[in-house]
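Paired with chain B in one complex and with chain C in the other, chain A is shared by the two complexes that follow.
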Partner chain A sequence: MRAFNFFSPETVEEALDLLSQHQDSIAVIAGGTDLIIDLNEGGKKPDYVLDISQLKELDYISESDGMLHIGANTTFATLEKNELISEYYPAIAKMADYMGSPQIRELGTVGGNVVSASVAGDSPTVFLAYDATVVLQSKRGTREMSIEEFNVNRGKFRCQIEDDELLIEVKIPQANSNFATAYRKFGKRKSLAIVVLATAMRIERDRDNRIKDARVTLGAVSLHPMRSPKIEKALIGKKLDMEELEPVLQLYTEEIDAAIASRPSVVYKREGIRGLAKGCMMDVLEQYGLV
Partner chain B sequence: MKKNVRNPEQTTATIDTSVRDSKVVTQPPQRKTVEPQEVPAQPQKSETLDRDFSVLGKNVNKKDAYEKVIGKTQFAGDMKRPNMLYGGVFRSKIPAGFIDHLDISKAAAIPGVACVLTYKDIPGLNQTGIIIKDEPILVENKIRRIGDAICLVAAETEELVEEALNAIEIEYDEIEAVLTIDRAAEADSPKIHGETNLHQSKHLFCGDVDAAFEQCDVIVEKTYSSGMKSHMFIEPDAGLAEYVNGILTIYVSTQNPHFDRGEVANMLAISHNKVNVIQAATGGGFGGKLDIGVQCHLGLLCYHTGRPIKMVRKREESTMVSSKRHPMTMHYKTGAKKDGTILAMKIHMTGDTGAYASYGPAVITRAVVHATGPYYVPNVDITAEFYYTNNPMSGAFRGFGVPQISIAHEGQMNALARELGMDPIDLRIKNAHRVGTILPTGQELTESVGFVETLEAAREKMNELFNDETYQPSAPNKKRGLGIGCMWYGIGNTGLPNPAGAFVEVLGDCSVNLLVGCADIGQGSTTVMAQICAEELGLNYEDINVTYAHTMVTPEGGATSASRQTFISGKATQNAAYMAKQTLMEVASDYLKVPAERLIFRERKIWDREDPDTKMTYPMLMMEMRRIGKLALGVGSYNPKTTYLSPKDMSGIPFEVYSYATAIVDLEVNVETYETEVKNVISVHDVGTAVNPQMVEAQIEGGVVMGIGFALFEDVILTRGRIKNLNFSDYIIPAAMDAPKIYPLIVESEGEAGPFGAKGVGEPALIPTIPACADAVENAVGIHFGNLPILYIDIAREMNRKR
Partner chain C sequence: MQNILVNMTVNGEPISRETAPNRRLLDFLREDLGLTSVKEGCSVGECGACTVILNGKAVTSCLILVGQAIGTEVVTLEGLHGEDELDPLQQAFIDAGAVQCGFCTPGMILAAKALLDENEEPDREQIKRSISGNLCRCTGYEKIIEAIELARDRRLNK
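The block that comes next holds the complex of A and B.
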């Protein structure tokens, strides 16, 4: 590991000053579960490292203005233990539970996972299903964008963050009793496993227990998690009942075939995705009390 | 469970020392005519006695446990010395070729770099290897694999080492890399060593297979294969070298300290007693720390700089260059009568030994000798060829080829059972090794054959845990299956001498210094030796202090491999203790006026077996020893009673004793996500005498989890000779959440060989779970997988092909 200067500010304002000042060669560290590997392997050689783990003001989970706000410094362990999350945002709870190992969950933060935007990361697939918005801040000001827009590579980043910007929070529309959400992941072992394949969904039902709106995302089948308008369209209007939903599973296979037809992993992914998607559907039905 | 025990006092008092010194029989025995063996109506049981040990068979605390639990154990990577340098290795980035141009001048000129060394700086032999010395310590010209060592760097800091390594300039003349054994076998392929890429070939035969197949009612013929595996020991290779009073002293994470000593001394052209290899606490090895790792490089850098130096491999470097499990392909043809009696096996196997021999010759020999499985087969024809390639070096990995061939011999048994409609356990019992069985090598099994007992114990436990009503999948999208696998495993090196020694001194206060060469890599040999020594001397476990794997003071211990240390170093320890005890017996006999053979030594007391009131305490005995000026010293060694194997047909006595095991695996396959979950494993092991049952169980538990990894998770991914998954994040071994409920069971078969009848369990622990997993998957989803590991992607592919 190359020597670097290390900053550990206690306020966002200070952090943004430092980012702005050293933006040519600075790396941001929160839990360090991604960055330390890059530093050790020489993938990143910054002159400065900015530790944001002391920014207590970015460690929060709250509901206001019809949105759920998750501060960038919230660890996965915090998410996992949060009652609001486990009660009303089951897909986020599941994602936190699948993520890494207890040690990694204690260190890894939501902000870090979102900015790393790894193909095999857990949170992007889930946040995309939740229609999340990211809040970015710099000395120049604050901006917001949908996670879909955010998850587009820009230079050295796998997302749209600028060199002097800090991710402040992720926010998603507040849950209500008509929403049900689910996330299923396949990793190569039960813990400490990156995503081989994942899918998430957010369903909104109408009074007749039919699907009014659907957001379906697929993880680890392209550079970034993708939505499937085809599956969403097929789901809308369907009765919330397994027999009616099951034919849609075939569309998942078609989507995988279209996305990664020539990859060796397609052999598994085109088949396994139906199992994961069916698991999501079962979770949704269970949340609605329909099984 | 077979309970058998001899009276330890009787043993020690009646066996003459000269009998205890084993001899290698150099002439193979005459091959006997082999006929189908008759199955005894009842399992053989000889007269059994209650066990009556005072220290053996007890779950004493491991000698190293406390320091490890409180985190005080010093591993080589933790060591520091004043004025210490750090070392690093410059390695080849191509799999095959020649060094065209090498320039170390820029690296050597960096301030803080103490030296940059090449092969020219080696004063002695630039060759290493446990069996065949075909690996250069530093490459002179020819590169045979990615990661070949070319230069060494010593510098003041680890960062400077990195900087110097990056400043070394090299140009290669790259040639075609031989990456498959098919290519290796072709006449026009580049030759990795010498004139041929054929590393070794073997032929074991007895009887007449062709004639026997004619008489068979059923013939099963299948091909099996097993991929390359990485040990993934938790602690990467590490060591520290320094001169202590003029002796080059190397503290190193190793399984093989006495071998290391010779390799370092030969490289430096100095006598072996000028090198002292001391095993540092070792965080696992599994065979991957038997070859030379950092030892020679440390020795050479220390020799040239005269300063203490430390090397700790990074995980990537460790995985890249330490040995790997041989990938093997095995073609089996098995013939049986309608009643299940096996008459013949014809087997052909091939293996990729990689760039260097390492333990390849041991793997091919052991695989061939064990290829039939633990079954009597009168007509056998086994051929094997291992080839050199430019792939990573294959070598020793827990089981020396037996885990691989167990996939095949057990796959065949299960296929045969299906074909015959027979219960797989009944089929095995029918053909099982027993006392009196003649092996294809001509060896007759004379004692300690507990295979049938493992099968029966496994069946009993299975029936207790599962019945037809309760045995159901846990969800509608899952399928559940039970599978069985068995194994046999010869203890010690195959058909070769492999002695170990021990020194004992009983001190005036009744404490004991025991010195053994045996490296304890976490498996617990130090504890086992102390238990054996205490039992033999009649002292307590706590009385024994063990110094181990320290070549200037401990005798040769051989390698901690081949499941041999409890059996061989254990017997050497018992012999050394017995020699010391002989002096004690003479003195006690004179003092108590009782013939020596009537004395019982136990729990720090000595008494007359015929008159227990005639007695003395150990402190009294040691006082008497001092009064008359005697020392209680013992030297012991043991070399298992084996013979060299005939080069013609491999007849002979490859091993003195064999361990046996049976495992039953219960697993579920999710037929929608193709995830496999092992739920329960019963693993029953015949270990002779369990010196420390808790440690035997721990070995079994670790072996079960590693076996699950072998069968269902682990696979080295190679691209042009380069390992793609060098880390724990992408070389997937099972973690805690993947471990099933494990039922470790111990069978104690009867035998005179070994210390108090103990055999070995280190490698056997791993093996039977592997074929049992494959069988369980087949029973769950109805698809036969002959190629292991069976990954989610394989199950997805095959299940959807079937539809």
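The block that comes next holds the complex of A and C.
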């Protein structure tokens, strides 16, 4: 591991000062589950490493102003054990449950997973379905953007974060009884598996148990998770009943065909996606008490 | 590069050492403190051989910079046993025949200890999940799970 100077600020303000001062060659470390591997293998050679893992002020899960706020330093273990999440945000609970291993869940943070913006990451697919907004802060001020806008490559980052910025929060519209959410993924095994294929959905129902609104996302089929307007449109207006929903699975296959036509794995994934999508539909029906 | 001063509690003893910051907790524990139960296996957080208990949680010490562990309480396998007596988990691993080559054993025991300290009566599924981040390439998982069940029962005086 190449030499660097190590900073462990005690406040976000102090962290932002250091970040702004050394932005040309500084790496921010939170859970470290990706960065330390890069440092150790020489893939990253920063002059400074800024440790934000001790910043307790970024470790929170709360609901206010109609939003669920998740602080960047929230670990996946915290998400997994949080009652608000397990009760009302099932797709997030599922994502935390799938993530890494017990040891990795204790270390890895929501902020780190979102900023890493890995093609094979779990959280971007889920947060996109939840219509998440990210909150970025720097000495210059605070700004917010949708995760959709955020997930666009920019220079050395795979997302729209600037050199002097920290991601401090992810927020999503608060759950209510008309929302149901689901996430399913394929990895090569159960633990410690990055995403091979994933899909998430957030459904909003009307009084007659028909789909009023749908957000459907596909993970690990493009550089960033993508929404499928085609599937969403097909779902809207449908009765919440498996028989009526099942024909939509064909559209999932078509989306996979379109997204990864040239990849050898397309023959498996065009079928596999149907199983994942059907699993999500079953989860949604179950949450509504319709099975 | 500026050295950093590392103050932490390791196996109940306060320690204070100066070190370069470009090192992992794993390197510091093994090389500086001589705690060689902490094994380096894959170096990418997948095998769990370097597992230690940090502030009560099982974590992979290859994925923590030494500076990030300042002020924490770390427990390695060396900290488990008393003067003349092994920890119930250590004894159960022996009694159940859960040790083959032994390389994964410290990490397995510590992952299991973190579980039992949090949940004193885990079922088999919870036990399996708790060691899902630890690989045993002798593939002795059945015996390892049995050993953890045995330790659980002994701790509960069953």
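Note that the second predicted complex is superposed on the first by the 291 of 291 C-alpha atoms of A that agree within 3 Å, B and C clash if a C-alpha of one lies under 4 Å from a C-alpha of the other, contacts with A are read in each partner's own complex, and residues count from 1 in each chain.
The working rule: contacts are C-beta pairs under 8 Å (C-beta built on N, C-alpha and C of every residue); 3 or more make two chains touch, one makes a residue touch a chain.
What you see is a predicted model; the values in this text were computed from it and never measured.
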(request) May I ask you to name which of chain B and chain C touches more residues of chain A? (result) C
(request) Applying the touch criterion given at the start, work out whether A:192 contacts chain B, chain C, both or neither, answering first, second, both or neither. (result) both
(message) If we overlay the two complexes on their shared chain A, which of chain B and chain C does A:5 touch? Say first, second, both or neither.
(response) second
(message) One more residue to check, A:276. First (chain B), second (chain C), both or neither?
(response) first
(request) Using the superposition on chain A described above, determine whether A:218 touches chain B (first), chain C (second), both, or neither. (result) neither
(message) Quick check on the superposed pair: does A:265 touch chain B, chain C, both, or neither? Answer first, second, both or neither.
(response) first
(message) After the superposition on A, what does A:51 contact: first (chain B), second (chain C), both or neither?
(response) second
(message) According to the stated criteria, A:159 is in contact with first (chain B), second (chain C), both, or neither; which is it?
(response) neither
(request) Mind sorting out which residues of chain A both chain B and chain C touch, each in its own complex? (result) 1-3, 101, 190-192
(request) Could you please specify the touching residues of chain B with respect to chain A in the complex? (result) 159, 477, 670-675, 713, 728-729, 732, 734-738, 792-793, 796-797, 799-800
(message) Show me the residue ranges of chain A that touch chain B in the complex, using the header's touch definition.
(response) 1-3, 101, 184, 186, 188-194, 196, 265, 267-268, 271-272, 274-276, 278-279
(request) Please give the residue numbers of chain A that touch chain C in the complex, ascending. (result) 1-6, 8, 29, 31-33, 36-37, 39-40, 49, 51, 53-54, 77, 100-104, 106-107, 190-192
(message) List the residues on chain C that touch chain A in their complex, please.
(response) 1-2, 4, 20-24, 43-46, 48, 51, 57-60, 62-65, 67-68, 70, 111, 114, 129-130, 132-134
